[in-house]
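Letters A, B, C and D mark the chains as written, and numbering starts fresh at 1 in each.
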Amino acid sequence: MIGHSFMGAVHSQAWRTAPRVFDLPFDVDMTVVCGRDPKDVARAADRLGWGDWAADWREVIRRADVDVVDICTPGDSHADIAIAALAAGKHVLCEKPLANTVEEAERMAAAARVAGEAGVRSMVGFNNRRVPALAHAACLIAEGRIGEVRHVRAQYLQDWIVDPEFPLVWRLRKERAGSGALGDLGSHVIDLLQHLTGERLTGVSATQATFITERPLPTESSGLSAQAGDQRGQVTVDDATAFTGRLEGGALVVVEATRFATGRKNALRIEVNGSRGSVAFDFESMNELLLYDADDPETEAGFRRILVTEPGHPYLGAWWPPGHGLGYEHAFVHQVHDFLTAVAEDGSDPRPSFADGLQVQYVMRAVERSAADSSRWTSIG
Amino acid sequence: MIGHSFMGAVHSQAWRTAPRVFDLPFDVDMTVVCGRDPKDVARAADRLGWGDWAADWREVIRRADVDVVDICTPGDSHADIAIAALAAGKHVLCEKPLANTVEEAERMAAAARVAGEAGVRSMVGFNNRRVPALAHAACLIAEGRIGEVRHVRAQYLQDWIVDPEFPLVWRLRKERAGSGALGDLGSHVIDLLQHLTGERLTGVSATQATFITERPLPTESSGLSAQAGDQRGQVTVDDATAFTGRLEGGALVVVEATRFATGRKNALRIEVNGSRGSVAFDFESMNELLLYDADDPETEAGFRRILVTEPGHPYLGAWWPPGHGLGYEHAFVHQVHDFLTAVAEDGSDPRPSFADGLQVQYVMRAVERSAADSSRWTSIG
Amino acid sequence: MIGHSFMGAVHSQAWRTAPRVFDLPFDVDMTVVCGRDPKDVARAADRLGWGDWAADWREVIRRADVDVVDICTPGDSHADIAIAALAAGKHVLCEKPLANTVEEAERMAAAARVAGEAGVRSMVGFNNRRVPALAHAACLIAEGRIGEVRHVRAQYLQDWIVDPEFPLVWRLRKERAGSGALGDLGSHVIDLLQHLTGERLTGVSATQATFITERPLPTESSGLSAQAGDQRGQVTVDDATAFTGRLEGGALVVVEATRFATGRKNALRIEVNGSRGSVAFDFESMNELLLYDADDPETEAGFRRILVTEPGHPYLGAWWPPGHGLGYEHAFVHQVHDFLTAVAEDGSDPRPSFADGLQVQYVMRAVERSAADSSRWTSIG
Amino acid sequence: MIGHSFMGAVHSQAWRTAPRVFDLPFDVDMTVVCGRDPKDVARAADRLGWGDWAADWREVIRRADVDVVDICTPGDSHADIAIAALAAGKHVLCEKPLANTVEEAERMAAAARVAGEAGVRSMVGFNNRRVPALAHAACLIAEGRIGEVRHVRAQYLQDWIVDPEFPLVWRLRKERAGSGALGDLGSHVIDLLQHLTGERLTGVSATQATFITERPLPTESSGLSAQAGDQRGQVTVDDATAFTGRLEGGALVVVEATRFATGRKNALRIEVNGSRGSVAFDFESMNELLLYDADDPETEAGFRRILVTEPGHPYLGAWWPPGHGLGYEHAFVHQVHDFLTAVAEDGSDPRPSFADGLQVQYVMRAVERSAADSSRWTSIG
C-alpha cells in the first residue's frame, strides 16, 4: 500500500477484514506500507498492521513478495506509481479519481490494457459502487425495475471548508489534487450515475464557483485536519461545481458537488426516475434505499424505505442479521473482495476499470471546459 | 373571479375562509364568477358559493359591485383581463405565471404601475410565499440567521404525465400555457428562491427536455384530469427544465422542474446553504422547515425539524394549536389576507407585484434562450 | 352549535366548507351558535359565520329551524345537552370523549338508541377516523392486507403543560374534563385502535402519573391559551397515562397518552403489525401512511411512505391534486359529510355512534380502575 | 473466546480491529477460540483469525497464555464459565443477558466482587451503550441537557419469527435462552434506559404474549438461520413482552420487546422526554441522535437530527470524517477498548458490571412475575 493517511487507514481496515468475512481466492498478507516520511510510515505500519514499511514506492514495486499494489496517495502521483507497478506485473488498485489530468489517465488506461493482456489486473477505487444499497440499486435498474431512465439528480454535499479560516490543505491546491469538489466529490457522482444507469453522459453544461479565494496556509497537515498558519495563499480549485447533462438514452442529469453545503456532512445523494419507478439514496443514511414502484396500485404506491441489510442484498450474506447496518469502511471490504475475485478469475479487469476511470476524467474535462466557456454545452467523445 | 377550474376552486375556498379566520380590513362578498360555458359556470357558482355568474369577463369588469378581480384562467388571457380590470379601477389578483410572454408581462407591469399611482393594487399569485414554513424561512434568512448565501438547490418535481398515453391537455400546449414545467413549476421556484434570499438571479445556463413528443388528444378536459382520445398531437412545451445560475451575491443556484419524477407528487423543494446555517423545505411535508444552525456546538448541531405550527410562526396565530398542521389551500387564505390588507393600506403593491412577476418572466426567457443556444450562459438584465 | 371555543371554530370551518367540496344530501344553514357569555358568543357568531346566537342551549334546542345540534362544550355538559336534543328530535353530533363518566355515557347511549328508532341520528366526534391516511389504513386492514393483527402500539404525545407554571385550565380539572391525558388524548387512541383493527380491547393494565400536582390558577382562559395568576390550585387529572392491553384476537396493545412529551406537539401515532404486513401513522405527518407488505420480495420490502393524496384515497377525490396535502380541520369537513349522509340514509347511526363512545368510556374506566389497583389486569365487559 | 457463532463473529471482528483504531493499553493476541464441535471450531478459528482452538472451555481457562475470557455462548452456560474463569484469574467479558436466572446472576456477581478485589475485572456485553449516538445521549442527559426525566418510551422491535413455520431454534427454548423477547431484546432496553437516565426502575407492570405456541423443530441450526424439520415442539418463551414502569425520579416508562413487529428489523428505539428537552434514537438509523432543546426559541425549536460522526462525539475521533457512518460491529470495537482500558486502570470494574447485569435480571424477574400475576405492580428491590 502506497500512502497511509485517511485512505490508507480505510484500505488497511479493508485488507484486514475481507479474509475474515468473505471467502477469498487468496490469502491476504499485508506486506509493506509506503510513505515519504520514515517516522510517519513506521508508525503507520505499526498501527495499521503492515509487516514492513518503505519510504520509496519504487522499492515496494520491486519486491518479489508483493503481488498487489494499492495506491492511496493524492492524484498527482497515481500515474507514475500505477504505470510502474503494472509494468512490474503487480495488480493495481488505485484510489479515485484516476488521475489529475486526462493525459495521465490515458497513459494509465493504456498501461492497464497492456497489462491486462498479460493477466495483470487493475481497478480504480470508486468505492461507492460497493455500498450495498447502491449495488442493489444498480441491480434493480439493470433488471428494468424502473423502466427507461428519465432523470438523474445527484449531489455530493459536504461542508468542511465553510469557515474561511480553514487552511489551504493539499485538497485545495490544483497541483496536488487536480481539482476541488469536482474531482474529489463530483468524480464519485459521475462514476455512480453512469454505473447505476448503465449509460454514459453524452454532454454537459457546467458552472463552477470558488467562494473563498484566499486561505491561511497550513502549519502542518494530516489527513483531513490541519492547523491554520499566519501566511495566506490562493485557493486554486473549485469550491463547488454544478452541471446539467444528458445520458445516451436522453435522460436529463443534474449534478452538484460542493464543500459549502452547511450542515451536510457527507450527503452523497442520487435519485433516478424511470418510466416505471424510481430509486433514491443518501449516504447519510447509507443502509437505506428508497424504491418507488409505479406498478403498485395508486392507493398503495409510495417510496419504500428498504433497509439494505437482508441476506439477499449484495454482500450482506456475509455480514450481520437484518437491521444491523454496515458503515463507511465496509464498501472497501467489498472492494477488496471483488478485486481479488477478479484477479483470481483472470478474465478481464474488474469494474470500475482504468478505462472506466478514464471515461470519468473525460466527463470532468468536459465539465471544466464548459465552465470555462460560458457554460456552453460540451460533448463527451 | 375569472375561471373556475382547479385554481378557481382553491381561490373560492380562500375567499370564503379568510374572513372567518383573520381580521380583514374589508368584508368579503363573493359577487360573481366568470367562465366561457354558461352551464359550467352556473354550476360552479352554485358549488363554490358565488352570488352570480357571467360568461364574459368584460361584463364582470364593468360591474360597479366588483372591487377586486381574481384571475384564475390559463396564462394566455392574463394580460387582456388584468390590463382591462386595472384600467377599470379594479384591484387585481392574478394567478402565476404572470403571462405567457415577456411582452405581455411588460404591458401588465406597466399597467400595474399606472394603476398603482391611482391606488389600484395588483399582485401575482405565487402562493408558496405564504406557506408558513417558507414565510418563516424568508424571515430567518432576512434576519441573517444563516449568514451569506452560498447555495440554493431547488426542485419542483411532479409525475403526472409519466404515462405516454396521458392526453395532450392545455398545460402541454405552448399557445395556452406558454411553457411546460418551466412556467408551471419552475416559475414558483424562481420566485421563491429570489424571495427567500432577497437576491436576484444574474444569469443562467439551461437545459430543457421533452421526453414524449406526441400524445393522444383529449376528448374532454376538466381541471387536471382528462380522457385520451384516438387522435394524437404534438407536445409543444418542455417536460422538464434544469438550469444552473448565480445570484447577485455570488451564490450558486441549481434548479430543476419536471413532470417526470416518478413517485414525486408535489415535491417543491428548496434548500439554502449559508455561511452560518441552512434551511430546507419540501412541500410534501409542508408543515415542516429544516434549520441548521452552524453556531450550535459541533456535537449538538443538526438539521432541526421545526413544525411550523406555533403561534409565533407566520399566519399561525390565527389557526389551530401546535402540531395541528395546515394544508395546501391555506396559503391561498393567507394570500387573500395579505392582498386585502395591502389594498386597505393603500401604500404600495403587495408582493409579489406585477413587477416581481415580470422579473420572473425575464428569468424564464433567459432560461429558454440559453437552452436554445447550447446552454450558453445568459445574463438577466 | 353549542360552544364556540377551539372546537367550535374547527366545527364552524367544517360546516362552512363541506357543502362547497362535497355533494351533500342537505343544504347547510349555520343557524345559531350558543355560549354562556352573550358578548363572547355574539362576537363568535359574527366571526365564525353563524346567523344568530343564543346564551341558553335549551332555547336552541327548542328552535324549529334547527335540525342538527353540534355539541362542542367541555365533557361535563355533554349528557344534558345531547339527551335533551335527541328528545327534541334533533340529530346530534357530540365532541369526544362522549362524557365524563360511564354513567352519563350510558344514559346518552340509551337516549341515542331510543332516538335512533325514530330516525334521529347521533354520532360522537372522534374526528381522527376521518383523517384520510387513517381511513385508508382502516380499509387496508379490513381487506386483510396486513393479515392477523399481532401488535398495536399507539401514542398520543403533546407537551403543552411541561412548564410547571402553565396555569390550571379547565382541562386539568377533573370536574370539568373528567380526566386529563386519558380522556383528551387517550380516548382518541382507544377509539382509533379499535376502529382500525375492528377488534375490541378485552382487558388492560394501566399506570397513571401526575408530575406537577399544583399549578397557578388562571386569570382568564380562552381556548387552549391562558394566563397564570398568583394563586395556586390542585391538578386533579392525570398528566400521563400508559397501559398494556389485549384485543379480542389476542394482539398485544401498548398505549401511552401524555402532555409531557417535550418536543412532541401533536404526535398521535399508531402502528399495527400483522402477520402479513404493517401500517404506521403519525399525525405530525398527517398526509402520510406507512405500509409494509411482507409479501414483497425480501430484497424489495420496506415501509412505503404513501402520500394519501390520490383521488382513490378516502375523501381525496373531492380535494386537490396528488401531493397537495390536507390539514387538521379537513377531517372535520369529512365528519360533516359522513354525518349528514348518514342522516339522509336514515338507516342506522353513523359510526362512531354513542354506543361506540360508551365502549371507549368502559375502556377508560377500566384503565382508571387498574391504575388505582396496582395496575392489576382489568377486564372490559 | 468461548462460542463462535453470530456473537463470536462480531467479537472477533472487534478484537481484531480495536488495536488498529484505538490506542490500547495492551497488545491483543487472539489466542484461542472454543466450541463443542471440533470441526466447526477449527473452521471458525481459521475464518475468524484465532491462533488455536479448543473443544472444552475448561481447558481454555487453564491456559497460561490466556488473560481474558470472552463468553459468547447461550445464557445457560454463562454462570459456569464466568465463575470458573474469574476464579482462574482471567478477566471476563460476558455476553448479555448475564444469565438465565437471577440465582445464576447472583452467583456471578458475587464471583465478580471477589475477583474484583484481586484486580480481576468483569463486564457484561450490553454493547448498545457503546453505540456513539447512545453514548452521546447518555452524556447529554448526565449534563442535565434535558432536565428532569418525565418519560422513557423504549421499544426493541424485530420480526424474524413472524412466519409460524420458522423453526424452534434455541432462542425459542426457555432452557437454553432463559426467556424470549424479554431476555434477548428487553434486556438491552432495560440496561439502556437505566444507563441513559442514571436512574433505576422501581417497579413494573407487565404483559407477555406467545402468539405461536408450536413450531417445527429445526433440522440443524447455525447462528440465527435454521431449517424447519417435520416434527413440532412447544415454544417455551415469550414472543413479546410489554411493561410500564417508574424510575426512581418518578418518570413513567413504557417498554416493548417483540419479534413480531412485521417490517421492523432491528428497531431498538428509545426516547427520553425531560423538563428541558428530549432525545430519541432508533438503531435502524444508528448514526443519528435526535435532540430537542426546549430552550430554543419557540419558532426555531425542533428535533435536531445530529449525525453522530463528529470528532467530538464519543469514540468518533478514532474513526472516519464527519458523515462517514459506523456500523453494527463498531460498538463491539468500542467495548473492547473500554474493557481493556478498565483492566489496565485496575480500579474498578468497567460498566456495565456483573452487578449491573444482575440488576437487569432483577427487573426481568419482576417483569415475569408481574405478567404471571395479572400484571400486578411488582417492586424491584
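Points to keep in mind about this one:
By our rule, contacts are C-beta pairs under 8 Å (C-beta built on N, C-alpha and C of every residue); 3 or more make two chains touch, one makes a residue touch a chain.
Here the structure is a predicted model, which means the values were calculated and not measured.
Common neighbours of chain A and chain B (chains touching each): C, D.
For the touching copies chain A and chain C, the fraction of interface residue numbers used by both exceeds half; the interface is of the same-residue type. Remark: chain A and chain C have CA centroids separated by 54 Å (rounded to whole angstrom).
Taking each chain's centre as the mean of its C-alpha atoms, chain B lies 36 Å from chain C. Within chain B, residues 264, 301-303, 307, 311 each touch two or more of the remaining chains.
On chain A, the positions that touch chain D within their shared complex are 6, 10, 12-13, 16-17, 20-21, 47-49, 158, 160, 224-225, 264-267, 283-287, 307, 309, 311, 320-330. Interface residues of chain D, counted against chain B in their complex, comprise 136, 140, 289-291, 293, 296-307, 310-313.
Against chain C, the residues of chain D that register as touching in their complex are 146, 150-151, 153, 155, 159, 162, 205-207, 209, 211, 240, 242-246, 250, 252, 254, 256, 258, 260-264, 271, 273-278, 292, 294, 301-303, 370, 374-377.
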